[in-house]
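Please find the structures below.
Look for chain A in each of the two complexes below; its partner is chain B in the first and chain C in the second.
Up next, the complex of A and B:
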């Protein structure tokens, strides 16, 4: 496949951690840092050490020093701060305990935790869901150019979800009904793509163009649905380009559950995905039920994508770019790619969300804009590099 | 492979359809443990399709394929993979995984779901790699292997399946001749030692005859012949199935049959009524003239030869090409009869080529008889290879050659130069359509 692969694929020396474990730990650390620090940014800037304190306080269920800010027992923060700036040390010496009032603290807590954390976590979970979906789909279709967005899965799911809003079907149980409807919407392109890929002998181009056609079709339906009730309180941009601003803890919980279930289900197919790279005939001859694996992966990625899309709208390119980054770090073995690609997707979408929030603050961009700015050129790069290769790459 | 001793893979009136086209037509065939069956036939005869049907990848329109009484088509995939290994002719490039991991893919059906490869799997991978002589590359990436190494890796992957049946579709098509023979020999010894039943699709009928216990020949989906190579191979079969005229020979050491194809007739210039192709007489012996005879005949010249001794390999070639030849008894000095016959051929030839034959007292006359004809007919002497003695007539051979050269004969550096010289000296006689003609028609 495309994507630079490490020259040496042998086992590393015993005294060092394997490369893929290092990559996994590295991305996990980057993600943790992002989660701790991202609430700093936005229309209101909050000192970063306060954010860290608030997050620690909330995450540990209060075990960390009771008052998130203004408490004199901030020993750890003292070390953080003093290590970074002299000003911080001075501020600490001048009496941290009195520098921020309790009211200020409450406001910051509300902003950092109650307002900023749900979208941030949604970015983490949805990014992971899209990343792992992209990785699994690229493996299943033996094709480095597919992702849930380009195949039309995302837009289809958005149509399903939009039905709920435009017809005001069940306002009370929206959170639960949304993913279901989104899943139904995503099943249509999922099925078409599955049939197109199963036809055998079809080229990458056929598959991608099928996705493009479906994308246009579903975008049109989506527009139709959104225009059908122009008075209703629907943010068109949210659906077409993705938005995380409306996230709630409930949404996070639903996407996380889908991610855990779906991610585990896909993760169990690492070996099968490896063997599928040799073609479905060879895979079947060594005992892999290629059709069943493909069916299940398309189904599970549809669930994952639909659940994410139901709460984030259509976000493109996360599923396209992340697997390539993951492969670059861990090589072509899907048993390693799948866990790492989830982390990469999460980091990618979280960073994009930070950019969307800050780049022309206080206006928050649809998160699909920064992902497209990174993803579209990357897609072209892959496409032309692929064209340039005379041999290799399955078609 | 215990318990496989009496078992085998059996096709019973197997028929495969692709839409309206019937690719395999009611083929009944059996291969038993320890046996190597070669499936031969021209391109598109249904070899690959039959193998795919045997491994259950193509549904049968009619008939059954079974192993040990169990129908292959309805076997669960994992169980089938432990029974039948299949190596396709082509396969997708795949990822740049290590050779070891690639071969381990063959163990898929042996490893329980959601488990890692165990000690037994690692042993099977190691012995499969050893069997194709790739053990030292086990850490290499698949993309870093050469084409031949990759093909051996694919064979190792199939061997690692440890299936009692192996279906190998053109297993050696990307290999050079050395590796081809090496791999086929290994496959045969694996079949023998481990009691595996092997079906080998081969388009090279001679390789099939050399290695297989039995040969099955497919033609347009039909099974037209099956049996031991010595019974199946014949010129008639080759003409019928491949559309190629070939001579059946027997390898003198092994006694195995092999076929030597002739160039298709269309490559020869057609003769027109009233005008025959220019005739070239070749003087040779001791195998020196074989290549010249063959080349000239292939290029469309009419050829004659003499004087040759019976059973000389030149004589065998001349006979095979249906070349008029002046013959003499083995090892006998050239007698009056053979020299007269040779003289007739010499006198009516448009050009004479002298092969670098070893000259001894018995055939010295072949050179002497040329002298009177130097002025009448263009004669070329192909120089003997340097460093190899050719004159066993106490210098009389060398003297005769020099006399010919002095009298105006041409000296050619090698066999390759013969055709150019002929075109040059027959130029005046070559009409627009490029077919050399005889003096008689000038």
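Up next, the complex of A and C:
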């Protein structure tokens, strides 16, 4: 059997939280910290305590007064500034007011909340979507090297985008049509695999190879389109590397909705995924309809991934790497892996976005570059680790 | 992990549970979405005061503050007009390519940086992405851009930061005068300066038109012209149909040999140039050949441009900005083109 070997999870001591709960809480805390602090990064430097106050002010619907910007009050930015910075404390002790003017604070609020928060949340939601999709597919296909893109979803979406770029649409039309076409393009290969699974009598290896073949087919179509209109190369290439800069609150809401729907649906299959690790025959013998589970997982992950990719472009390795990290912390039980892998994917993509924004600021790198720099070595590590096992290592 | 069928019992997730779960999460999603929208903050608003609504060169309707005092200019040709209208003091930022591409000196000539008093501190990165946050942080009231600014960046400036963006991108030389009028609407403070500039530019264009009519009436043959701003191994960068480059040559009374090319900015095969043997070759030279403008080095033209020594026409180097940036300077340069096209008929302009 390829893939994670089920092993019993020992009963934790009564006085300690189970390891998977600790992992869940740890990644959740890391994600919360990233959401609060990531808006610090960008071409305009905003003090971190100002960012914290702005985010608190916004997420509490204004209950947390920002007031940095003028009259000092308890639990205001003034408080924060006084409490956490030497300059602020010195100002407080000397009876001076806060240093930031109302205009400056208004600008910082717009930059931190309106400009930086939508792409940040898109990173969170898309990362979670890609992570949970990768985890579910690795479980379904019982192969740790599977990720959503292996089924051809990325190249399908790229073909959708390339079709758009071959037409000279007006910018407004293009902005509206791009996610739609990319979504449709991403759906096609996933649906073909889904329909193949419906046919019955096909092994998971056959379905997986169907996805791989579709991947090559769509790559050829993409090349053909780019050959037809070379000028669309730069747009497609940018899109193929992924980007979050054009995110809006609407995009966030759509991806969040897909994540909640798809994530919940996948989460219901945690136990079935566990049983599938023992093989289809064993699963059938204990009453699990392996083909139906496979079909549904492929369908849901296809929709989930296509929705995320439609707004972010192609971002590789999140779906591949996140499940492995999650399994390291919580073991092979998919009932625990699935919620944690969503958090891992979110943290991974959010950190990558922070790197993309800062490494050569003010230029923002395509986010696919930092994810690849982390993901590719990890992928190679997995390959060699697996090969080592195949020649006699532990299984 | 419990896999013992007897402990929990094997089961498949039924369709009804699936549906209920979807409905519940859909409700949560809708509520979350609604929550997001209630958290929409008030964005940075412009200072109170009179506003004017204009139609820019991209047919966008833009409402902007009258006589904005803090403006960002994202294209050298726009800066040319801003400077000529005495609005330089209002400019708080200019678009520059990054240090990778040579920074400010790849967009502005040394003469321009001196004359217009531009400093690297004013630079706002505009390639490969526009640094919109810095523009917002400068309390910018108005951005003057060209079509080179990405639509997504324009959307960020207008939708997120609520900073109006006016696109100045004349399709031909007449469009430059339209841009002067547009700026005069945005900045009534320029008053007679705009009227004077408009009249001056209009007079030059009218004279050019009269010259062409006169030459045509006298059956004077029009010279064939290659207007090129770079070369490469097999050809020359040239202007095709409906480009302002073609309009420039036509207004000066020449026949562009690249006017049948489909694209505005198109490559003309070197063998075609060799075959056509243009009477006049105007080639753009630049001030900085370190990165993207190798083909604009004056020395490189003579040593490396394809078939250069076999082209027999009159070869004239010109500042590349004067043939690539549609601005007032380009129109002021028009009499020189007329002189080079018809040296025996049109005298050289006074300096």
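The definition used in the following text is that the second predicted complex is superposed on the first by the 279 of 395 C-alpha atoms of A that agree within 3 Å, B and C clash if a C-alpha of one lies under 4 Å from a C-alpha of the other, contacts with A are read in each partner's own complex, and residues count from 1 in each chain.
Criterion: contacts are C-beta pairs under 8 Å (C-beta built on N, C-alpha and C of every residue); 3 or more make two chains touch, one makes a residue touch a chain.
The structure presented is a predicted model; accordingly, all values stated were derived computationally and were not measured.
Chemist: Kindly classify A:177 by the partners it touches after superposition: chain B alone (first), chain C alone (second), both, or neither?
Modeler: A:177 contacts neither chain B nor chain C.
Chemist: Which partner does A:246 reach: the first (chain B), the second (chain C), both, or neither?
Modeler: second
Chemist: After lining up the shared chain so the two structures overlap, which partner does A:142 touch, if you call chain B first and chain C second: first, second, both or neither?
Modeler: first
Chemist: Going by the contact rule set out at the top, does A:260 touch chain B (first), chain C (second), both, or neither?
Modeler: A:260: touches chain C, not chain B.
Chemist: Which partner chains sit in contact with A:362 here, chain B, chain C, both or neither? Use first/second/both/neither.
Modeler: It touches chain C, and chain B stays clear.
Chemist: Determine, under the contact definition given at the top, whether A:30 touches first (chain B), second (chain C), both, or neither.
Modeler: Neither chain B nor chain C is touched by A:30.
Chemist: Identify the partner contact of A:268: answer first if only chain B is touched, second if only chain C is, both if each is, neither if none is.
Modeler: both
Chemist: Could you tell me if A:333 is touching chain B, chain C, both of them or neither one (first, second, both, neither)?
Modeler: A:333: touches chain B and chain C.
Chemist: Is A:281 touching the first partner chain B, the second partner chain C, both, or neither of them?
Modeler: Only chain B; A:281 stays clear of chain C.
Chemist: Please determine whether it is chain B or chain C that touches the greater number of chain A residues.
Modeler: Partner with more touched residues of chain A: C.
Chemist: Show which residues of chain A both chain B and chain C reach, each in its own complex.
Modeler: Of chain A, residues 7-9, 268, 271, 274-275, 278, 286-289, 331-333 contact chain B in one complex and chain C in the other.
Chemist: For a test of understanding, state which residues of chain C touch chain A in their complex under the given definition.
Modeler: Residue list for chain C touching chain A: 1, 3, 5, 8, 10-13, 17-18, 21-22, 24-26, 28-30, 32-33, 36-41, 43-44, 98, 125, 128-129, 131-134, 136-137, 139, 151-152, 154-156, 159-161.
Chemist: Of all residues in chain A, which touch chain C in the complex?
Modeler: Per the stated touch rule, the residues are 6-9, 42-44, 58-59, 61, 103, 106-107, 109-111, 113-115, 171-172, 174-175, 245-246, 248-249, 252-253, 256-257, 260-261, 263-265, 268-269, 271-272, 274-275, 278, 286-289, 292-293, 296, 331-333, 335, 362-364.
Chemist: Applying the document's contact rule, which stretches of chain B touch chain A when the two form their complex?
Modeler: My answer: residues 52, 55-57, 77-78, 80-82, 84-86, 88, 91-98, 101, 105-106, 108-109, 114, 139-141, 143, 157, 161.
Chemist: Which part of chain A faces chain B closely enough to touch in the complex?
Modeler: Those residues of chain A that touch chain B are 1, 5, 7-11, 142, 268, 271, 274-275, 277-279, 281-282, 284-289, 331-333, 391-394.
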